[in-house]
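Two complexes follow with chain A in common, the first pairing it with chain B and the second with chain C.
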Partner chain A sequence: MNRKFLSSPIILILPSILAIGFVIIIPLIFSFYTSFTSYKLTRPDSLYNFVGLRNYERLIDNVKFWKAFGRTILFLAIVLNLELLFGLGIALLINKITWGQRTLRTIMMFPMMFSPILVGFQWKYIFNDNIGLLNNFLYLFGYESAIPWLIGKKLAMGSIMAAEIWANTAIFSILLLAGLLGIPRDPIEAARVDGCNSWQVFKNITLPFLMPFIFIALTIRSLDVGRAYDIVHIMTGGGPAMRTELIWTMIARVGYKDANMGFANAMSYVSIILSIAFTYYFFTKLVAARRELGQQ
Partner chain B sequence: MANVDLKNLTKKYGDVIAVQNMDLNIPHNEFLVLVGPSGCGKSTTLRMIAGLEEITSGEIYIGDQLVNEKDPKDRNVSMVFQNYALYPHMTVKENLGFSLKIAKVDKKEIEQRVKEAVQILGLDELQKRKPSQLSGGQRQRVAMGRAIVRRPDAFLFDEPLSNLDAKLRTQMRTEIKKLHQKLQTTIIYVTHDQVEAMTLADRIIIMKDGYIEQIGSPIEVFNNPINVFVATFIGSPPMNILEAEIIKRDGKIYFELDQDVLMPCPESKASLLSQKNKVIIGIRSEDISPSNSNTSDEFWYFEKNIDLAEPLGTETQLFIKLKNKEIISRMYNPREIEIGEQINFAVNLNKIHIFDNETKKIIK
Partner chain C sequence: MKIIKNILLVISTFSFSFGALAVDTSFPNDKVTMWGDYSGITLDVKLIGGAPYDPLYQEMIPVWEEKTGGKVKILSKKSHFELDKEIKQDIAAGNISYCVVSNHTSFATQYGDIYRDLNGIIPGDYLAEFVPLVLDHSTVEGRLVQLPQHSDVSNLWYIKSIYEDADNKKKFKAEHGYDLAPPETLDQWKEQAIFWSDPPNFYGTQYVGKEEAITGRFYELVIAEGGALFDDGWHPTFNDEAGQRALQWFVDLYNAKAVPAGVLNYLWDETGLGFASGTVALNLDWGGWGAYFNSADSKIGGDVGLVRFPLGSGGKRGGWSGSHTYSILNGCPEENLDAAASLIWILTNHEAQMHEARGGKLPTMTRVWDDIANEMDAEGNAFMSNLFSTFKASMAEDAFTPPLIPEWIPFSNIIFPELQAAIVGDKTVKEALDAAAKETDLLMQDAGYY
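Let's turn to the complex of A and B:
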């Protein structure tokens, strides 16, 4: 063999190239290929049934898919914004506390310690219209009629969002708290002497310093929320009447229940565009925010 | 219009006492300079006045108002921080105008004042840069500018010129002096630079370990230091300090500066020393100078070999040894000096300082 090809740098990175190849690249190519076939899980031979762009063409006309797509964006937008807001609030409060901060930080992380599936179950029972804690609690205050939290047309989505926010706000708090702890004291002091009240200090100094952390958190969480599946699957299963169907619950249904893997993979590739778009957007924002602070 | 008064001000960080029972009245329009060794509590004092540091006990008044409980923003002071504390995400121009923007000053007025500051500080070309793109000295000038665009009741300057080169520093010193004359405000100024302290101050405060050692006009603290610490701290090179036995001979009092080197005690001081065996003598280097004659009564003459000579141009500093301690003398009409050369020195007896060897306080 050519000596140049086997030069030591290549040999040294070969194992990682191989590993990445097996773990990522081959499955990626394979799934991409299947999105051009009419591959059905139940009929392995359909793997060789090349249909060209047909799956993608079907997708473009598929109203259900685009509804789920839009719903996912809405879900992302609302959940991310609220988590950011609550997370920031919690981080600011904890940052103010001088005594017992560690304990509070730990307590704050509790929701993250549970499996999302279990969180889904728990909230499912809280929101159950008959036996749920919430309705029973409201009953005590005189709300006689049971509120259909998980099966109401509009309520179901909100309930899922509530569970999602409960479970993951802590990620924002932790990341933003790290950001807050890292803010140098001097510019804040200078601003106070320069005549700023607390709100002005927050707006003009704290927030710009926090921006990079906010965008890191948003990037991480947008990927996370964008692939939401478990919590929806458990709480509503996409219902009622598909009103809580998100991209991934739909893909899973088409891929595994209908066994329509080729089509499902085509959907996945379209939805990945969404994730990439969000990541790209937040990442440019992150870079801009850091440049703003002169951190490059 | 504001005087600043500190009453029995104390600051403790746990067990560390940063400032101890400080009493100080700073009248309106005074230029007060704080000096002292590193860690003596200068920055802490300024930070307490600004309201950035909780005070342990005591009271602070600005313009006769008790401000202990007031937020920094309500104290109307502006401060130059020792470490600049610029806003990293704002350009130089935004940094300068920030306080005015917060105070909702008219846009035109902001523009005008920022422009003025930019000119005084020579920041013209840097206006669009961020602090991370500036050198230390440039940052310091921005910090300075940020303070002077305001019209506060008092300025607090924490070593505002420490990072500038000699030329710029002289220039800025003049600007600060002008600014003080123009704005007529109270200024509290921390510095390590002797020249800055002497030239700018109406009064100088010398601090040590959280205490005030002496307060006085520059001339006063220079000519009449109340203890050895102040004597050695003010003046450059520092005052020569020698321990001396008191020797009485023929009814006269002498200080033994070295074996067989006896300096007569000035008549005026003799009565104060009757009880003492030992004292500390302080002589400024300009009061020991080479001399051709040895006749004057006001002087005492001795001969000594030169250990080292440092020519500085206008003067040459001569190093000699007395009791194994290095003594510096100033020669004002420099000529070539050879090491080991024997020179006749004259000590101005009216200018020597005599300190108690135990309390280290001046005897007078």
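Let's turn to the complex of A and C:
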């Protein structure tokens, strides 16, 4: 029995199991446990103060949390769609270029090379109502009012979206460009011979081929955007008046500033539902798209 | 574009201004010294960082290392809001074995018993040099957990020339029926701020608009209006009429466009630099900016006036006050304690406080208040003399700390988004304060106050 348990395959995968256990499983179990306690960072003894479902019960009635939850879904929906549109457009344009394509691909990836914190500071400065580049640029053209980019109800969220889209559209472009480069030329040439115009070729051949790549990109980015924190934290801190509060800025404040980690972890576990829902949806779509292409 | 040029010029000279003054490394006026041979000892420290704080470290830490043989290893240096988060994570992780950490009287109560009682570690004759009230504020549950470096309280800075201009005086009197002079009441402050405003080129006033900063500002206006945040049983009372008047003041200024549109994203650097850029008429701020505001590096250098915090309708002035301090952690090894105490000494001693006071920061040592005033008088520096006499009066007559309870920061995190909601018009003043009071009530219940 012992010999069978310690067979070579088991021994070989044991380090991976242990690594995953220590790095992922144990922290997950620990944080899940703390969501049933009144754990405060500044009171380590409170880790053992089991409160059952109280944190989750409070969360159900917490209007601010559900507003942040809804705002995060809206943020996800708008940012993902715009990134997809811009990313697809850029990929299609670059795919047409026959000279300097590599250089352009590298330039396109520049925004991804900046840390989100740096991106946040850069856009915070651009959108600053007083010394910001954008308002001062507008003054040059005779505009006489300071636009509160980071304050206005729609403007503030729009400004953060602009920063997020600027920083990450290249991910869509790169993935979709890889898809475009992999499309066989024969069906496209056959369609043109049959008299299809460019839109018909794009709609009936290019897009179906790209769909698996689109859904992979959407899955990756939905997980990223769902955890958006750095750029929001730097640009507005979730304010003013919680107008730009997303789930993770709220969780960070409750967990680290209020030191109320038990409650913050309960919020985290509820918010994971969002990531699971988006991932499940995009994966279902991915499987359907692959099936349509005759792939399994 | 004038504004952007002004502010960029101010930012470029900002760091230089704070670092321009040197210390006398012979420490001629320090009655108590705490030198020792600390060769082989490396002190791990975490400090508040930024342009107003770094010059003192740059002056004092190399001197301490040279004279004692010890070494200082700065593990992190960041704003106090970020340092606060880091300390909380350190407590959770049990990573509190470093020795010296920056602290603040408003924050210290949150951290439980991680700090050593400095009574017995710092000599009594050195402690006796400090203002007793400030040491009281540094004491948590009977333990002196921090030693104050400098205190802060705010007064009203203004651009003198616009108040001296004959046309302005005439126009103001015609509009408001009284002579133009720096405001003596909150109502006058509001009226004058609206009078001066010409957005987006020039604003009447400004305020820090988020986090604990706006909570503190609201707090002192509530006091000035004759109210209080809590009653004796710690039930929230800030949603009463005094509280509503206080919040209405912020709302009115915002609606009148008398403050910059982005003010709710402003903290201390934004307001300080904004005033120094010459684009704001009246600026409530601490003394630490004083020398810089009036220097050649500022666009309003030589044109800066200062008056006491205007009176509220309750007959009181604002006086939200606190002190930047240093603490020694329980986890600091016994063999490093003397070295840690010595490091705190060099960062808070007479020479250090004089160095800071020359820039306008408020001393915590009784003797330094007199010495800096004498020095400025001897130099004929009327601006700095006025600064210290004004702030001395504020510290003596107006200053009060926020409630020194662990719930201060969680309370602030509840109320500041509601204050902002009223200011931007998402809620009425009453709705916002009632919502904050309801949530605060739960916080205090959970904390066991009632």
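Keep this in mind: the second predicted complex is superposed on the first by the 295 of 296 C-alpha atoms of A that agree within 3 Å, B and C clash if a C-alpha of one lies under 4 Å from a C-alpha of the other, contacts with A are read in each partner's own complex, and residues count from 1 in each chain.
Going forward, contacts are C-beta pairs under 8 Å (C-beta built on N, C-alpha and C of every residue); 3 or more make two chains touch, one makes a residue touch a chain.
Remember, it's a predicted structure, so these values are computed and weren't measured experimentally.
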Superposition on chain A - do chain B and chain C clash or fit: fit
First (chain B), second (chain C), both or neither touched by A:Tyr125: neither
C-alpha centroid angle, chain C to chain B via chain A, nearest 10°: 150
Touched partner set for A:Ile151, first chain B, second chain C, both or neither: second
First (chain B), second (chain C), both or neither touched by A:Asn197: first
Chain B versus chain C as contact partner of A:Phe114, first or second or both or neither: neither
Chain C versus chain B, contacts on chain A by residue: C
Partner chain(s) touched by A:Tyr280 [first = chain B, second = chain C, both, neither]: neither
Contacts of A:Glu189 with chain B and chain C, given as first, second, both or neither: first
Partner chain(s) touched by A:Gly294 [first = chain B, second = chain C, both, neither]: first
Least Cα gap, in Å, left between chain B and chain C after the two complexes are fitted on chain A: 52
Interface residues of chain A shared between complexes with chain B and chain C: none
Of chain A, residues touching chain C in the complex: 41-44, 128-131, 135-136, 139-140, 144-151, 153, 236-237, 239-243, 245, 253, 256-261
Contact footprint of chain B on chain A as seen in their complex: 186-187, 189-197, 200, 204-205, 208-209, 292-295
In the complex with chain A, residue positions of chain C that touch it: 1, 3-4, 7-8, 81, 84-85, 88-89, 91-92, 94, 110-112, 199-200, 209-211, 260-262, 264-265, 274, 279, 406, 409-410, 413, 417-418, 420-421, 423-424, 426-427
Touching residues (chain side chain B, partner chain A) in the complex: 50-52, 71-73, 75, 77-79, 81, 83-89, 98-99, 102-103, 130-133, 146, 150
